[in-house]
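Both complexes below contain subunit A, partnered by subunit B and then by subunit C.
And now, the complex of A and B:
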C-alpha cells in the first residue's frame, strides 16, 4: 500500500500512479471502440472479437488469482462459465425476471457449486482440484446437452439483449457494459490482492508451511481464491450470453478452460493488466491475424496449436509472461535514458 | 445371469483400456513428477497415425500399429528430451500446465496432419464370438482383455524383478538419491515417457473400433484414467490398474441399472464422495510432509 499513501499529496503525478486510475483510463479507451465501429473505422466482427477478449479477461483474472497465488489449476472454468450463461438465459427469458436477477443468479449458483467442489477437493493435495473440476466440467457438459428444459440441448439456447435501467441494449452498448464490468473486476482484484487477503495469499505462495505457522488458514484462503475464480466465471458467462444472445453446449468444453489457463500463463502470473493482454494474445490474435495468413490460415487446429505452443514457450523460457516482457522493456528504456543523462 | 456376466465382460474390456492409459500416467507421474494430462491426446495422436496409415495407404492393421508405436515412442522421447527435461527449475504446477499445453498442441496438430474427416479403425480380430452361458464376447474383446492384463502383469514383473525395474522404482522413490547411487535417472524418465506413449497408443487402438477416430475421441479415456489414478492412489503402480477395472465395472453397471445417459457422471460424483472418506485413494498411503 506504500504506493497509495502518496495519493494524499493530491498532485497529478501521484494520481497517475494509482492503479485504479490506470484501469479507468483503460476502460475509457475501450469505450472508444464502439464509436469507431459506428463511424465505420472498425468491422463489427472485430468489435465482437474484442468483446470476447474483455469477457475472457474477467474469467482469466479470477483464474490468475487461483493459479498465481495458490498454485491451483481449475479445469472446469468453461463449465462454470457455461452454467452462468445458461442460468442468465433461463432467468431472463424463461422466467422473465430481468437483467439484474439473471446476473445475480448467474454469479451465485456457479459460486455455490464451486464452494462445494472446493470444500471436497481442497482438503486433499492441490492436484485433486484439477481433477475434481475436470469431473464437474464433464458433468456440466452432459447437463448442457441433456437438460432440454433448461438449455435446449445441442440446438442451443437463444436469448435477447437485456434492458438495463430501462435502456434496451444493443451490440455497442453491451460492449460498453462489458468494459465497465471488466474495469470493476480489475479494481476488485487489485483491492483483494493488495489488502489483508492478498497478504495472506502472498504468504501462502512463498511457503504454505510458513504461512500456516504464522496463523494463515491455508484451506480457507485456497477456498476463497477458488470461489473468486468461479464467481468471475459465472459473471463472465452471463455477460457472454447477453453479448452473443445464444449459448451452445459445444462452446463450454475443456479447450476453453485450457485456453483460459493459457491467457493467465502468457499474460503473466499475478499481473492484472498482463492477464488482459494475455487474453488478447490468446483469443484475438488467432482470430484477427492467424486466420488471415495464406496457406496455414485455413487449418482448423491452428488456434489450439498456437495456444499450446505459447504456453510451453512461455513456461520454458519466459515464466514472467507479457508482464515480464513489459517490465523488461521499461527497465531497458530507463537505463538507456539514464545513460544519456550521464553522457550529457 | 446374462445381465451380470455380459456387462462384466464388457467392463473387463473397457477396464483394460483405462488400465493401460492409467499405467502410462502413473509411470510418468512417479518418475518425472508430472501429472500427465496429455496422455490421452498423445495416445489420440498415435492412434490417428495408425488409422491414417491404415486407411490412406492400405497398410495391414498390424503394420499400421507398428507405425503408430514408432510415432508414440518418438513423441514420448521428444516431449521428455525437448521439454520436460529442461524444466528442472519450473514448479510442479508449471510442469502440469506444460502437459495441458501439450494437449492443445496435439489436438490442433491432429486435424492438420491427418485431415479433419473422422476415420474408422477396425478390430484387430474382425469377427467371431464366444458364448459363455447366455453371455457372449468377441474374440477381439478377449484379445483386448488379454493385452491389458498381460501388459499390466508384465510391467509389474519388470518393475519388481529386473534391474531396469529397480532403477525405475529408485527414481520414483527419490530422484536425487537415485542419481547419487549411479542410476541414469535421465534415461529412466526418457524411457518412462516412451512407455507411456506406447501404452496410450495401445489404449487408443483398442478403444477406436467402438467409436470414430477424431481429435477428441480419447477424452473419456483420459478422464477415466485420471480418475483411476486418483481412486487407486498415486503411491503404487498397481493401485491405478485395479482402480481402472473398478471404474469400468461401476460405469457399465450404473449405465445399465441407473441411467444410460448419466452413468459416467453418477460415477464421477461417487468417486468425489469417496475421496471425502479416503483422500489418498484405495491403496494410497499418507506421508507426513517434512518441513
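And now, the complex of A and C:
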C-alpha cells in the first residue's frame, strides 16, 4: 500500500468513528423513505408515522438532556410543544410572515416562557418540579382551548404546507426537512453532552455537592438544560404543525408528556441514538404493528398500555434501555469473535 | 500558642491576615438545633503548610470544612483567605468590571463567609469529601476536567457549536488533566469510567480533580479512610509531592494518626467543636488535653463494645 493511500485510509477510519458523521449517514438513510414512497414501495401513512417519529425524537432528545443528563423531570413538555405548533400556525397563516419567522418565534417564545418557568420552579426539585411543570402544561392546555383568536379553540387550528426558499413543500419534502432538523439537533445535543457543558450537567445530577465545590453554578445549568428542552419542544411543535397542517388542543395533554418520557426511558437515558430508537418503538410500533393486530388492535387505549408495559419491562430488566441492549449485543458479538480467534 | 512577630499587611477593608498565613478561621460558631457543633473556634494555616485538623468522631472537623467552603453558613465568625490579586482580577474581569483603581497587590484577603459555594474554587480553595464524590458515569479524565470548570472561558454558545475557543480550551485542559493523572499515576485508567474503580483510585481521582484548579489551598477530608497500609504510606508521599509541585497549602482531617503525625507540620486538635491545642505533632502528642479527649473516646468505645 502506498503511503498516501494509507493516510487517506487512516483519515477515513477516524471520520467513520466521528459521531457527527454517523448522524449524517443516518439522515441520508432517512431521506430514502420519501423516495421509496414515491416509487410506491411505502404507504403514505407509513411515511407520516415515520415523520412523527422524527419530530418526537427531537422533543425526546431535549427531555433526555433534562431527565438523563441533568436528573430533572418535566411533565410539561407537551404544553411547550403545543405552544410551538400554534405559534407557527398563527405567524405563518394569520400574520402571513412566512416559514422562517414562524419557526423562529415557535422556538423563541416557548424558550422564553420556559426560562421564566425555570427561574421560578428550578429552586424546587423532584416531585415539586414535576407538579410545577404539570401546572404550566395545564395552564397552556386551557389557553389552547380558550384563546380562540390564537388557536381556534377545540375546533382546531388549520394550516398549510410552508414555502421554504421559494419551494412549496409537500409531504415528502417536509419529511426531508424533519430529517435535516433532527440530524442537526442530534449533532447539537452531542456537542452539549460531550464537552464541559455535559460534564457540568453530569456532575449536577450525580453529586450536587461535588458540582458546587468544582464551581458549577447549579441553578444556571439547570436553567440551561430546561431552556434547551423547551427550545427543542417548540421547534418540534413547529415542525409538527408544518407536517400535519393542523393542531388540536386535545393533542397536547399529559399523556403525550408521559409518552415522551417513555421514549427517553425505553431508548436509554443518556443516549442520543437510543432516544430516536425509543421514539420509534413508543410511537411507530403501536401505529404500524399493534393496530393491525386482530381483536386487540381496535382497543382505544392500546398505545398507552403499550408504553406502560414497555416502561415497566425496561425498568425491571433493562435499566439502560435499548441502548443497553445494543451495547450488550455488540459485546457479545465481540467476545464470540475474539474467542473464535483464540481457538483457531 | 507562640506569639509571632510578623508584619501585618493592611488589606481590603478591615480584614487582616498575618503575612505568612493563607487561611484564618476566627471565632467560628455554628449550631444545629440545640447542638453547638462549633464553638468559637479559631486557627490559622500558613502558606504552603501541611496542616492537620484532628479530633474524636463528631468533634466537628467536617463541619469546619463545610463552614470554610460555605456549604454551611456559620452563625458567627469569619474565614479569611489570601488570594493572589492576579487570580481575583482574572475572575472579576470575566464577570464584573473592577470598581476600584487601587494598585493591584500581590495578595488580597477576602472573607469567605457569605460567598456562594460555587464561587469558592475561583479563589483557589478546593476540597475533597469524606465520602468520595466523583461522577461514576464519567471517565476518569472527564472527572478531572470537572476540576477545571471555572477556567473555561468559552461561553455556552461557543461550546454548543464547538467554536474555535471551545475546541482549543477542551484540548488544552485535556492535556493538563492528563498531566495530573500521570502525576498521580492513574493515567493508564484515564478512559475508564469512574464507576467500579477501587476505592484507592477514586480517592486519587478526587485529589486529581482538586489539582486541576491550580489551588492555593487544598482541603482533604479523611484522604486515608478505606485505604490499606501501603496505600496510606503512598498517600503521605503524594501529599508532600503535591505541596512541592503545586506550591499550595494542604489542610487535612484524618483519623490515621500515623499519617497525621508523619506528614503534618502543625496540627490543631478540637473536641466537641472547641479548640483544644495547636502545635507540632510532638507537642500535640504530649498535650494532656488532647490525650484526655482521645482517652475519653477510647473508653466510650470500650463501653460500647462491652454492651
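The definition used in the following text is that the second predicted complex is superposed on the first by the 333 of 344 C-alpha atoms of A that agree within 3 Å, B and C clash if a C-alpha of one lies under 4 Å from a C-alpha of the other, contacts with A are read in each partner's own complex, and residues count from 1 in each chain.
Heads up, the rule we're going with is that contacts are C-beta pairs under 8 Å (C-beta built on N, C-alpha and C of every residue); 3 or more make two chains touch, one makes a residue touch a chain.
Nothing here was measured: the structure is a model prediction, and the numbers come from that model.
Participant: After the match on subunit A, would you call subunit B and subunit C a fit or a clash?
Facilitator: fit
Participant: Now for A:188: first (subunit B), second (subunit C), both, or neither, which partner does it touch?
Facilitator: second
Participant: In the overlaid three-chain picture, which partner chain does A:284 touch, first (subunit B) or second (subunit C), both, or neither?
Facilitator: Touch partners of A:284: none, neither subunit B nor subunit C.
Participant: Report, please, how wide the angle is at the C-alpha centre of subunit A between subunit B and subunit C, in steps of 10 degrees.
Facilitator: 80
Participant: Which holds for A:124: it touches subunit B only (first), subunit C only (second), both, or neither?
Facilitator: Touch partner of A:124: subunit B, not subunit C.
Participant: Tell me the contact category for A:209 with respect to subunit B and subunit C: first, second, both or neither.
Facilitator: both
Participant: So in the superposed three-chain picture, is A:31 touching just subunit B, just subunit C, both, or none of them (first/second/both/neither)?
Facilitator: A:31: touches no partner chain.
Participant: By the touch definition at the top of the document, which applies to A:42: first (subunit B), second (subunit C), both, or neither?
Facilitator: neither
Participant: Please provide the least distance in Å between a C-alpha atom of subunit B and a C-alpha atom of subunit C in the combined superposition.
Facilitator: Minimum over all C-alpha pairs of subunit B and subunit C: 8 Å.
Participant: Which subunit A residues come up in both lists, the one for subunit B and the one for subunit C?
Facilitator: After superposing on chain A, subunit A residues 209 contact both subunit B and subunit C.
Participant: Quick one: in the complex, what on subunit B touches subunit A?
Facilitator: Answer in residue numbers: 35, 37, 83, 86-87, 90-91, 93-94, 96-98, 100-112, 116, 215, 219, 223, 226-227, 230, 261-262, 264-265, 268-269, 271-273, 275-276, 279-280, 289, 291.
Participant: Show which residues of subunit A lie in contact with subunit C when the two form their complex.
Facilitator: 188, 191-192, 195-197, 199-200, 202-203, 206-207, 209-218, 224, 270
Participant: If you look only at subunit A, which of its residues touch subunit B in the complex?
Facilitator: Contact set of subunit A toward subunit B: 67, 71-73, 75, 117, 120-121, 123-124, 126-128, 130-132, 134-135, 138-139, 142, 146, 209, 254-255, 258-259, 261-262, 265, 299-312, 315-316, 319.
Participant: Provide the residue numbers of subunit C that touch subunit A in the complex, in ascending order.
Facilitator: 69, 71, 116-122, 126-127, 129, 133-138, 142, 145-147, 149-150, 152, 154, 156, 159-162, 166, 169-170, 209, 213
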